[in-house]
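Quick notes on the structure that follows.
For clarity, chains are labelled A, B and C in written order, and residue numbers in each chain start from 1.
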Amino acid sequence: MECHVTAQAGQFALDIALSTVAEPGWLGIIGHSGAGKSTFLQTLAGLNAGFNVTGRWHDKDLSQLENVVLVSAQTPLFPALNVAGNLELVARHNQQLASVNTIVALCECTALMSRQTNELSGGELQRVKLARALLANPALLLLDESFSAMDRALRFGILQKLKAYLSPHVKVIMVSHDINDIIVSCDHLSIIESGRCVACGPLSEMLNPAAHDTHVSLPLISVLHGEVKARNKGVSQISIGKTSVNVVDESAIPVGHSVRLLLPASEVTIATENSTVLHTNCLQGIVQSVVSYSATQSAVTMVCEGQELVALLDSYDNRINALQEGQWVWGYFSGQQTLA
Amino acid sequence: MEFSAIWLTLKLAGLSTLLLMLVAIPVSWWLSRWNSRFKAVVQACVALPLVLPPTVLGFYLLLAFAPDSLIGELWLTVTGERLAFTFEALVFGSVIYSFPFAVQPLYAGFTQLHPHYLHTAKMLNLPWYVRLQRVVLPAVRPSLLIAAGLSFAHTVGEFGVVLMIGGNIPGETRVVSIALFDQVESLNYSIAHQLAAVLLVFSLCLLIALYWLQGQRRLKWNVM
Amino acid sequence: MNQIMRCLWAIIVTVCATQVAHAAPSINVAVAANFAAPLQKLLPEFEAASGITVRVSVGSSGALFAQIQHGAPYDLFLSADSKRPQALVASGRVQRSAVQTYAVGHLALVGNIDGLSDPRLTAVGTRVAIAEPDIAPYGRAAKQLLEQLRLWETLASRLIRGTNIQQTLQFWQTGNVDVAFIAASQCVIYQLTCQRLPDNYAPIIQQLAVTGQGESAEAAKQLAAFLRSPQVQSQLAEAGYAPLASGPSEGSR
């Protein structure tokens, strides 16, 4: 994928060049506010005058792309129509992949159909906007903080259904302040600062502590892949390799589904000897690397069941000096984690 | 009571308002989206009937309606009749005279319409007539009503222009304001008072309705 | 400082004194539109002879009448008709003796036809303008004339009606009507080729009313007398008005 966008919005100059070796399906974008994320999406959607877009994504020329649909605070619902009116109007003038009802249900809008637009809460408004965007049959869907007002369970639920609904040739660029949204849904990540792209690559590489040389402090999060084995009283038992862990799951992913477990490095504690007293969950692994992460913290990467798990340790912790590559360690974490 | 004059006035105001809306909507739309150094000049020209004495406007219209001038000649060739002192001439004059009253509220309405609505509608592949019908016009509905109401009221109260180009023909160009003037001139004050009362009450009611509408304006238009 | 103040005072007092000494009596005259032009022509002579300064307000007779009725500070009212000065008498605003005839108007025809018998006058496509008969004396006269000639019935519904005789002429001058019944005086002032019309209508008597009080009433009476003097009347005859009958006609038309 190659994408080059330049735009001038008042004093703000945008010059973003994205380039990836593999073709992203879902591209996540993070950056401080004011970095130009929203302008970038608006420009891609053709909402900015005086812009220039060049590049390609798969075989599609980005400057020629039709049906680029943005969902953001800048795409208001039409106030003269109620929710059903908004959705039906767009449905009537576009071809959809699925029936209107399917899309409405996907975005959890079924109960909102008869409401006026000014009666909607922030999260409801975002759901209706998303449904309306899907009804416009997007080839490139741009999501700008489109889930920010929804609670986490609802958000992950919709994201999961959205991933299943959109065919692989529909590309998505998602901007979010919540890195978890991006980790659960995106395969590529780009970091934008002051109108420029400072880093871009596959999500796993970007989350690697070794890549943390950019100015944006990307939180250290490990993504572990597993499968739901059982579910009891809101707690799901997840198998990661041969080990089982118990995690509270609000979005109630059914048994048998494969899931991603998001583990922030700060939540993981390391011990050099096995002791099950402190935490619910424990994974055994081999130290792969120890990297200085900040002035006061070091990141320890271990390989457990063939997957990478990162833990943050305070630099004054004497055990760091004793850690050696290839050494067996145990990583502990609580059951209050994010599943998607 | 001068019922034919009252009916004629209503007919004139109604027809003029209809025509004004047809002309003023595209003009105000274009004006609200147009940026140029000459915009002020165009806006001033549109507003000119506000400050020009109506009799001056009427006099130049009279000159323009003469068969040897461009407009008068064109009308004569197309319809076979002369334009001045006809009902059509009054409609023509009223449209010009009330033009700023129609354009200004619409212009304000269109300028307040945030571009996000239009961009969104376009992005969602809605054709132009759907955007106009479902997005733009509902958004400026209060402005539309105010523009129509003001045009109507202003035409009803119009005197100077009609005096110059009307010719005071009963049933054709003798509107209420002219009848009122005639009655005053012929010292028939009681009939004049009646006509004045009708005009006053009618205009007052119309204006109350308009200001009430303006007060309602914010009701539904703050959703982003 | 004192010196300067004294000087200033001297100047102020001198200026005021000269002002008072030179303050000739002045009067305000309200004149109907059709007589405004002849009046302006006559005034320099009157002002030079009498030393009276005349300020002229032009308007329609009806509007001026309404203003006078409600106390407008006019000293002399030159109406285009006799109806309004008489109405001032009837309402007690002026004495009967304050109302006099100052001119008698003539009707004239302007337009591309040969007199009133020309069939083109009654042809459907011909546009004919008169002054509004109900409010303008020349319109009333034109109506009477047309009634006499049994043309009124045919023409009434499509006559273009001017508010006053000036506007009626304007309709013709701007090319919007073919024929107009106007005042003979207008033919003279605007140097138009007009046709005289038979006098088959009640005379168009233009009356004045002295509306001022005290000193200014005296000055107004002087102007009234000047206008009615044989010398001015002969000038008015040249200007398209009929000369006054020998005895001053005071009253009804």
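Methods note: a residue touches a chain if its C-beta (ideal position, glycine included) is under 8 Å from a C-beta of that chain, and two chains touch if they have at least 3 such contacts.
Everything numeric in this text was worked out from a predicted model, so none of it was measured.
Novice: Touching both subunit A and subunit B, which chains are there?
Specialist: none
Novice: Which one chain sits nearest the middle, judging by mean Cα positions?
Specialist: Central by C-alpha mean position: chain B.
Novice: Tell me, please, which chain's centre (mean of its C-alpha atoms) is farthest from the centre of subunit C?
Specialist: Using the mean of the C-alpha atoms as each chain's centre, the farthest one from subunit C is A.
Novice: With chain centres taken as the means of their Cα atoms, state the distance from subunit A to subunit B in Å.
Specialist: 56
Novice: Any idea how many Å lie between the Cα centroids of subunit B and subunit C?
Specialist: 37
Novice: List the centre-to-centre spacing of subunit A and subunit C in whole Å, with centres computed as mean CA coordinates.
Specialist: From the centre of subunit A to the centre of subunit C is 91 Å.
Novice: Across the complex, what residues on subunit C touch subunit B?
Specialist: Residues in contact with subunit B: 60-63, 65-66, 83-84, 87, 127, 129, 132, 134-135, 157-163, 167, 170-171, 174-177.
Novice: Of all residues in subunit A, which touch subunit B in the complex?
Specialist: Residues of subunit A touching subunit B: 45-47, 67-70, 73-81, 89-90, 93-94, 117-118, 132-133, 136.
Novice: Write out the stretch or stretches of subunit B touching subunit C in their complex.
Specialist: The contact residues of subunit B facing subunit C are 59, 62-63, 65-69, 72, 82, 84-85, 163-164, 167-170, 181-182, 184-187.
Novice: Over in the complex, which subunit B residues touch subunit A? Could you list them?
Specialist: The contact residues of subunit B facing subunit A are 114, 116-117, 119-121, 123-127, 130, 134-135, 138-139, 220-224.
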